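Before anything else, here's the structure in question.
When the chains are written out, they are named A, B, C and D in that same order, and each has its own residue count from 1.
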């Protein structure tokens, strides 16, 4: 099934929750209301015509004015994919977890929490996964400033080259 | 032995010392010479040989820097280990931690007392020789378990417990596999068993009947298991338990464990050689006792070293079994088969009390057929490979 | 009768453990030899590659992609190249695609060889490992001649590959393939069909097909569970539609379907398929340029895309967002190992400690690929 | 399969597969080892056995450096620092600094690709261990040197000509690949990405 028809089917079912259907190339996507993500997710998985049984990729993007969580879904039986997006406010971004629908969401949501600070409500094990437990801030946010030291270990290495030409940098 | 002590006392070298004291000194000095001069260097050299053999199996070169072809590598390693700091973990049980390696070495040293190198070269030809051999080697388990427990390290503990389970279990098939030979000879003495065999392969107990052939194989595998050798190196399973019971050891104590392991290879080989491969038996080519003894010594050592080599070869080939498979192999396969062997041999002996020489020839022929098939397979793999393919012309 | 007090043992496996394939850590709760659970703890190799992408630009990010998965860097190269090409709608010349296919398939051989070799080593057999590494070295020699590096290749560029095949390389490659096939049979005789080995691998870490999809397992892990799915075949990219090859799947010949042995055998059989592809590619490669004309100051139009590459560890997803400037706004890599690690906690329940090692090796996780 | 049959089948399988495995390893006793000892057991230096494209430690031939800064801009890791000054009257470009931080360098080869003359190139040298980080910085300019100006025809200066030849061979190898071996036509337009851009940049300088 083509992406546009998948999105149309979702719109028919959850009319008011679908905020935007974009025919952006090369990957068209659908934006839905964060409050209904769980409902839409379970529909997309269980609907026999969509049968999107695999959450292939889940990632977050910081757009400076909002944070988007992007779900790349895929169906092994129907061989079609869909891109689902939710837009969240930058302050305290919260969205329901999809862990109960696709198990693979567990680790990917932990990663998004770790790097972008999106809180997934109802997640069974929302801990930092890649960064240390006590790392300050969320590194993939655009306004993140790396601390110069971590537990007394410097995170910067001074370049040993002294730049002779003062005009540059 | 006794004559030697008597001679020394008579010569008066030690003045008026009591005879027992002289005997003690002589025994201690002699054993020191034997162990420091023969057993330990043997273990060291085996470590080098093993690394070279293993390297060749793996298309590598192996240690070749120290001495000719790296022959002195073992000395360099020994010196390195002796010079290393002897780290004892703070929370460990210090006394047990220190004693454990010595117990392991003890278990390696004691069997040499009944090692039948030739018709006269044997320290003590006990009438329970083979029983003594199998029982003292099992002291290893005490040392290994002690090391595992005293290290106060979970990996070591698992290693120690594994070792205990393994050695105790494999004592049974090993013991049962000795029975067929004992049934046929009616003696437990090492020399007695060897004298019951001939120099020719068809007179070896290996080929005496089908049951002894199987028994020899089971005994060899069980002995490997007792010696913590691949495929049964679970106690020190590198990829699972880091280094098992030896994880916390360093320096000389660490070396002791491994010296015992390599030295044990000789003992494994000696047991099999004595029981199944005709020991030192050599055709009577000379009436000179010295010449005969030297020839017998060479024969015995060649057979033992071949078995040592086979164990290295096996180590280079097989993966490690899992602990539950180890146990099921022992209890489901080896123990029942050993019983069958024992009963089978008993029946065989009942039918042919003097042995069946035809069976010996047939079994030997079958062995040759097996070897020929094996060589054919080797040549097949050799033909198919094109190892001369190198992309760098200068290499 | 009073019962003996027992307690669970908490073992800390890693980060410095001989068989955790890089810097990985497992917190193992064990009852003697039997594990209650093994909780993976990752992140020791996190190098913030996704953040670096936002700072170095499209061309400059290419060498960094090598570090995402240094065992099969060609695929990460290709993934980033394809993502950028899709963003900017660039057509790669035919010969460039063939060079990519040849390089990646050789890299797949190398990666699978490492995987099956370490599998043997984790089981306790050292020889298969060195034999596999020996073959891998020869492939590295070939790749070194092709692109000048043995591990971090940086061979591909946006719009094709950096360098054409060097003169005489094709003959060498074909000679290698002739040499490789008997060696693979020999390798199988040495270890794959060994009874002890089969016993160690069969019925360990069984993953059902549903579970594999649900946990988003990819590549050989997915195929080991009996799902015939290969991006190269089912969503063909590059020039893979021009090759004739099979997709091996696990059949449960030695145990239940989806066990470690199935995953292992899928890798072994994929080696043969890769050889098949390589022979065809080396025969069919057309003449022509290898690199499309791409400006050095590469600025794709604003937009986003996701591409999927069948890497040695399976479907690797690259999600790239461009804002029209010379620097990507966001890059996300979804790797096979990351997904595979997610299932370990569930699979480890009730296995033995020795089996955890088998399980990790059979899932073929590579620490840098998890942490990125 | 009955339990008894399975039992004996297990024994048979184990014995035969171990037999095969032992045959394989035994055949290795009769093969040559594949590894070689580093570095003193082969007749030539390891460096000399490496292929032409090998990416070792960077080197710069300042005689043919045009001072176009293409390499500095291409470097994703900023380990190359160049300082150029242009005399407003004589229009001569002077290079006063050309430093490469070898510790930082990741040998990706992106700098040598856009170089118009092959001045910055990878050597086959890879042994770079030293005792201090300071000594790992390669400083190629000791006294300020005039940048090379590409000529229309072939190079006439006897001193520079061989260096330029080597450099251009390097450029050709990288830009076009080797000589096409199956009649492949190498398209000049597919040279290193945006080669024209670099010339423009050089012209601006």
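What we mean here is this: a residue touches a chain if its C-beta (ideal position, glycine included) is under 8 Å from a C-beta of that chain, and two chains touch if they have at least 3 such contacts.
On a predicted model such as this, the values are computed, not experimentally measured, just so you know.
Enquirer: Can you name the chains that touch chain B as well as chain C?
Expert: D
Enquirer: Per-chain Cα mean versus the mean over all protein Cα atoms: which chain has them closest together?
Expert: It is chain C that sits nearest the middle.
Enquirer: So what's the Cα centroid distance for chain B and chain D, whole Å?
Expert: The separation of the two C-alpha centroids amounts to 53 Å.
Enquirer: For chain A and chain B, let me know how many angstrom lie between their CA-based centres, rounded off.
Expert: Taking the average C-alpha coordinate of chain A and of chain B, the gap between them is 62 Å.
Enquirer: Which whole number of Å gives the spacing of the CA centres of chain C and chain D?
Expert: 26
Enquirer: Going through chain B residue by residue, note those that touch at least 2 other chains and give them in order.
Expert: In chain B, the residues touching two or more other chains are 57-60, 316-318, 381, 385, 392.
Enquirer: Got the chain A residues that touch at least 2 other chains?
Expert: In chain A, no residue touches at least two other chains, as defined above.
Enquirer: Where in chain D do residues touch two or more of the other chains?
Expert: Each of 10, 18, 20-21, 23-25, 34 in chain D touches at least two other chains.
Enquirer: If each chain is a node and each touching pair an edge, is that a line, ring, star, complete or other?
Expert: Basically it's none of the tidy shapes, so other.
Enquirer: Every touching chain pair, please?
Expert: A-C, A-D, B-C, B-D, C-D
Enquirer: Considering the complex alone, what residue numbers of chain B touch chain C?
Expert: Chain B residues touching chain C: 54, 57-60, 154-155, 158, 162, 230-231, 233-234, 237-242, 316-325, 381, 384-386, 389, 391-392.
Enquirer: Applying the document's contact rule, which stretches of chain C touch chain A when the two form their complex?
Expert: 42-43, 46, 48, 50-51, 86, 211, 213-216, 227, 229, 234-235, 303-306, 308, 315, 317, 319, 321, 329-330, 332, 334, 338-339, 341-343, 371-372
Enquirer: Which residues of chain A touch chain D in their complex?
Expert: Chain A residues touching chain D: 159-161, 163-165.
Enquirer: Which residues of chain A touch chain C once you look at their complex with the stated criterion?
Expert: 24-27, 53-57, 59, 61-62, 70, 72, 76, 79, 83, 102-104, 106-108, 111, 115, 128-132, 139-140
Enquirer: Which stretch or stretches of chain C touch chain B in the complex?
Expert: 9, 11, 17-19, 33, 120-127, 130-131, 134, 138, 141-142, 145, 172, 175-176, 178-179, 182-183, 185-186, 189-191, 194, 196-197, 199-200, 352-355, 357
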